[in-house]
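This is the structure I want to talk about, given as structure tokens.
Note that the chains take the letters A, B, C, D and E in the order they are written out, and that residue 1 is the start of every chain.
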């Protein structure tokens, strides 16, 4: 797959992006206030190369989307008879996401397993995923909460991407080696009319990948997580362990909404104002840290406390999902749940401590 | 839901400026509306019948009537839908008359607005739920606050009706203002001759428990079940033992106690019985002047009391009474005329109030019924009466007419002539208000038979001149400035609310006006009821009143209480707040803000939650706004119901 | 006396003008007469002040503006102070003088002549020159004997300045008057 | 149904049943002609009018909202309008923070007999609304994101902000640990801080065993307000370590009886300011757009008025440049209650500024800019409700109306209006209760400056009620009380 | 507090003695007065009777001048000036009126807060200095002097503008004079008008109104009338020969400015108080006061002798009694 590689000089990036995104809405990181978020990019706009505060998952899986509109229609001769008409036209534009990191792009892969390739194919997700080209930027640095290398992801992992860009060289001299990962990636890259990346640049890119990987290993050697799914299940009823882990958790949804792999949603109907005969069915992000997530119609809630909810979150990512998906964990180690957490709840710590069998818990 | 909409023409009242059939047509398109029609008079017999028929025919489970104000016909239509088998709360009204057709002539705008109001009513109705009243027991005892003539009448009527009465009087005797009067207009009856027997009845009635020299301290509970703390202030005399013989008064060496009963004309003894006909006829010590209290030694009364009733160490005592209803008859006070500096501001001894003059006229008063002016004891020959002192005067914040001053002034002028045949009286007045039976005739007699000089105009100032007072005024009918050298000036001071009335109102949780008079429930149709169930008004506490009106109200309030108690159990209004215990987090904010104390704590599986006492809640909804998560909801006005109306208007 | 036709004598514009300029609501007056009762100058009035108020309510412009009373009002504020309806009657009287002056109606020439002399002195010197005012007044009215009896009482006291005490900002004062006149004519 | 062909504007009225609705009826009976714009919603009492109804209407497209109740003292329920007056006046002073013209909302008193007055009220108000024209919608405002971010020059802090020397600090900390160890046996746990995932981040510590106490740290990285955890310990004895500012939250919780005085032990120490991690990131100024985790130093040491960052390139930052906004105006460095190691906290150097910097920034904006500002800021809100869950005064948590369908205050619509509406709910529910600890803003994973709304509200509350939350255990929050004569609330001319 | 001083035009003429005694008394009490530079006439009655904005402008010029020299309060001895300055400031709270006034001025006041407060010298003395401080500085108490305090009609009225003392029965000057040792007679006409500026044009009005005042003072047994207003003083003093005395019985009734008696009590030499500039000889009052003191002393002596005799008698009787028992 690495056969198709091009070189983009630093100064050419904006132009190249314009070309690649022809006919598409291009999303790129933009600073808004004190956060970096993906926003539609204007033509010619110099993209920000920072890692975004929020992953780009919303481009394909929006925070809130209209699944369909419902229109109640009355029989003019008998107002007692009302029929409901649905309008499920979904307006999907071709899109391109630029500037996500490998951990972001791999998130789509986690989604794909559920919404594309699982027993049910989600038409909304599928349509957007089909229409969106993912241009990813390989990492050159290890942040203090980065642990992608623990999870099967990595600083140059191309899973979920169409094109992977690797920064090479420095300053104005520098540029990007752009490798097409998919057929669609090839086509898009072609549009940009770029020179081929020569061997030296390919080597430089390889070196960047290796250096970042090394930095990550130095920062936190990847533990062996092969026993984790089972160990987490063993820990399932260790109330003290989960109490200790969740003591400081505030039960907010920051971790889930910042997570590139969290795919849960809620469905609600909202009425329009106007004549009162119209409304919409919405699908919006939901999160398992919220008490309402599992509250049943009766009022009963199987996950009453935050300990049970946090257990589910960790268990889902590192145990239940891998058990259903060939050992693939639904965590890419992006670390956003740690940095974004108001109280720094650290998923790494939970996974490691749960994995270390018979840890010094009083009951054990 | 299956909603029916009925749009009323109200003859041409609505139909004149609203396209009524058009509105009914539009309403048919609204959600859940399965039937709509226009109707000439929805409230008429056939109009109501049509609603009942439609409910049955179309299996409606909710009805909207668009017609006049719900304040008029909501009860009517609720009964209508109830007749058809619906719960009365499955009904909403859209006010398209007072709020639409009567206030604008633009037919298009009106029709559009009417349709929107119907839409809002439909949206609210869609979220209505059937509500059911609850019933509870009643304590068949009544508290009467105030022992003036209104309170006396109310107490006697209730007691005669067979219920127990607790009568609380602030002063040491009942009788109120009327007991201080010499005669009453327009018959010039002797006041104490007609009031005295009633006072005696109070003291002897087996159903009446009288607390004199006592005040209501705290009121809890609700209609049917009030709990009242009464503070019995120390009298320093054991009234169980006191026989009212008056020996202590004869011997008391301290004779400079302010004589409140005689309106401070003169002084009295420190231990005294206010007047011979006092009920209860018991002595009381004024500790501010009594030598035993002031100087620590004396003890004369204790020595002379034949029954040994004196108790210098007596303290206040609080008793609790349980009652099912309360009648407030706290009366009025007199305007403080010293605010009028131009009338001397209290500096001129012979410028006195009408009630002081009443005491001068009274045979039981400080002068034994001989009119003598306070400064030198001389009999006045020229007496000037000034009306509207503290009435109809915005500049002293008393814009209202006190109502009875015209009449008592005429009476006093007549009595002056009776007492001092060679005297001449002048009455400065603005308008004569004599709208009672025989009242106008009485004022005419004062002028025609007694030669009272009525001068139409106000008095600007009073200036002492020698041993007379130059009264400088105007005769607006002459169009001239006038002056009268007077020996005595009597100010017809107006009525103001009894001091402490607002504080009592807050204890009773009833409203009062800007001047401290208690608010009746409806000025015309519910004149003795208040907005707090089980609390009634009698007499001048509601506004200035003369004796016949006060007595009438006393009887009316008693009739209301007897009517209330005639039912074995009471029904509570279901439009009250309700707590969703699953959502209540026990923060207690609703408990803090409830004006009725209608929310209490309860324990539920180890957690504290709020609970509404259904009979106490009045349905204001303050708690609903206070509750951050909306766990306490005012039924029939829930957040969702109001939001539905807002959204019908503002969500687009 | 003729019958007064209440419709024809009523000048609503006049009523509104007085209410507007004085800021007082004339409808508040209920004719208690207290203003008249306390008016120190009532004895000299041709129409008592409460009747001025009544005439105002009736919109009788001529009757009010042609009265002598409005010129004899001493501005002592007794009426204002004692009005049970909080009407600033003195201010109403002031406003009536303003309107009358604008319309050139003055029933008490002497009073306005004195005032004009006073203001002329202020305009000229910035401060009042007392002797100048009296001299001016005498010159305009021809009342040469005015207060001549007082001269022996006051002359020896050394209080009357023979010369005006003009101020430096005389022009500034003159400009105030000038602008006032311009505004007025506008 | 559309508003009539542009002739009318959308004006919503909330009228109490007993007085004002009757007054409107009386006006009708008197045939007093009025503008047709007004749509009246009948409520039992002005005390039933949740300010949120007004906000809901205004954000939803109403051009004007009018509330009318009984005259003060005439309330059918005796006190409803007194509460309403406080709530509605508070709202009125708050609306400009959102860029909503406060003239679009008016409240007044009309009795059932005042038909003429009602006509005047309606006419005057509707005329005013027509003068103002169609209400601009927040979601249609031009985004406004002033680039002057908080890394820029700021006024000097109120106090000198200097931590004691390392030795003194350690000694004080040891003293604190001793107190905690001594109390631990009687307590379920004591909540404090320990080092977090890197040297720049502390994290809450729940001490249950004596050896846990050794992990307790103290210094400018202890950013969290641990009082937030207290209400969940209902009926259990718990200890908490507080800074001066945190202690105000504890006081407020005690005041509102959300925690039991017998069940909470408070430990504390003097504080000389905590860092704002975002500001540290900016001060370190690495590559554009770097996250705080990218600059994580190997170790952080407190050195008096500065912080020494060890790492590849050692840096010393002045505390005054990187402290949280609340520390700049802090006047309570020492906890106001509890078992406190006082140290020697620096005294205020002068009078506080008129407004904290973010509030000042908001003040400086035009109404249009404010709408644009909130539109742009709220756009990235994830609705994770970290702001709410980090707030020590938000005790509804699982039952919050932000997510409940009943009552249905907000929808799941992902638009700015719904997002902002929650922030308004938060600010209104905190009116008179917020101690400005700033946790809402600190917790926000996308750094939305939501604190400014609370600062605005607090200023209103201070001006209107002369009240500051969290200083007096025995006080009553102003919106849970009223005065018959309000000193600082003037009647609005209608 | 920085106090600006506005003397008023008559202070340069017919009320020179008021002006002089005011300054002298203030100096004696340590009250610093800053003159408003180049002050001008307030316009008095002629201006407000013509047009309110003109009147306002003439007053406002002085208020602005006072503010310019850093004063927050203007004190003036003359009630007419006081009324004009205060009314102008009161009306200028209205933006429309202030703008109207501003259009007439070279240097208008931007906002109400730019205009200093206004008070009478009487108010300054009783509220700022205080009666206790004044009492402490009295050197020559006005013993025996019976005075009728006359405030004039506009010092306290209309009450909502003047905001000083009671509009109907003011007592501040009574209290001040009492503090100085004088005896204040009950005087019902404290605020009744004397006829104001109609002396020149309608002498009949002044003759009647001032006559009534003087007659009341006479009947109350006053030795003198004490005033706080130049115009009142002129009507009562200079025109005393013109007034209609009630009952036709004329007396010589000296009419003092209160500042003159204040100065005298504080020990300021008569020459600085301008007593010689009064028309009715002030010595008459002092003479009557001295006579009253002498009469009272004689009466007291007689009473004392009587009491002593009675006591001696009682003692005698008591000792006789005691002796009896013993």
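Assume contacts are C-beta pairs under 8 Å (C-beta built on N, C-alpha and C of every residue); 3 or more make two chains touch, one makes a residue touch a chain.
It should be emphasised that the depicted structure is a prediction, and the values quoted were computed from it without experimental measurement.
Novice: Trace the shortest sequence of touching chains from subunit C to subunit D and report its length in steps.
Specialist: Graph distance in the chain contact network comes out at 2.
Novice: Of the chains shown, whose Cα centre falls closest to the middle of all protein Cα atoms?
Specialist: D
Novice: Looking at C-alpha means, what's the farthest chain from subunit C?
Specialist: So the farthest one, by centre of C-alpha atoms, is A.
Novice: Per the definition at the top, count C-beta pairs in contact and tell me whether B-E or C-E has more.
Specialist: C-E
Novice: How many angstrom lie between the CA centroids of subunit B and subunit C, rounded to a whole number?
Specialist: 49
Novice: Which whole number of Å gives the spacing of the CA centres of subunit A and subunit E?
Specialist: Using C-alpha averages as centres, the distance is 88 Å.
Novice: Let me have the rounded angstrom distance from the C-alpha centre of subunit A over to the C-alpha centre of subunit D, please.
Specialist: 32
Novice: Subunit D to subunit E: how many Å between their CA centres?
Specialist: Their C-alpha centroids are separated by 58 Å.
Novice: Where in subunit D do residues touch two or more of the other chains?
Specialist: Residue numbers touching two or more other chains: 1, 60, 397, 404.
Novice: For subunit E, jot down the residues that touch at least 2 other chains.
Specialist: Counting only residues that touch two or more other chains, subunit E contributes 167-168.
Novice: Where does subunit B touch two or more other chains at once, residue-wise?
Specialist: Residues 119, 342, 461, 647, 649-652 of subunit B touch two or more partner chains.
Novice: Looking at the whole structure, which two-chain pairs count as touching?
Specialist: Pairs flagged as touching, ordered by label: A-B, A-D, B-C, B-D, B-E, C-E.
Novice: Quick one: which bits of subunit B touch subunit E in the complex? Just the residue numbers, please.
Specialist: Against subunit E, the touching part of subunit B is residues 340-342, 345, 347, 461, 463-466.
Novice: What part of subunit C is in contact with subunit B in the complex they form?
Specialist: It is residues 28, 30-34, 36-39, 42-43, 48, 50-51, 78, 82-86 of subunit C that touch subunit B.
Novice: Along subunit E, where are the residues that touch subunit C in the complex?
Specialist: Per the touch definition, subunit E meets subunit C at residues 9-10, 12-17, 38-41, 43-54, 57-58, 61, 100, 103-106, 153-154, 157-159, 167-168, 191-193, 195-205, 208-209, 238-239, 241-242, 276-279.
Novice: For a test of understanding, state which residues of subunit A touch subunit D in their complex under the given definition.
Specialist: On the subunit A side, the touching residues are 29, 31-37, 48-51, 53-54, 62-65, 141, 143-146, 244, 247-248, 250-254, 256-258, 266, 268, 270, 273-275, 282, 284-285, 287, 290-292, 335-336, 338-346, 348.
Novice: Residues of subunit B touching subunit C in their complex?
Specialist: It is residues 342, 388, 392-396, 430, 456-461, 472-476, 479-482 of subunit B that touch subunit C.
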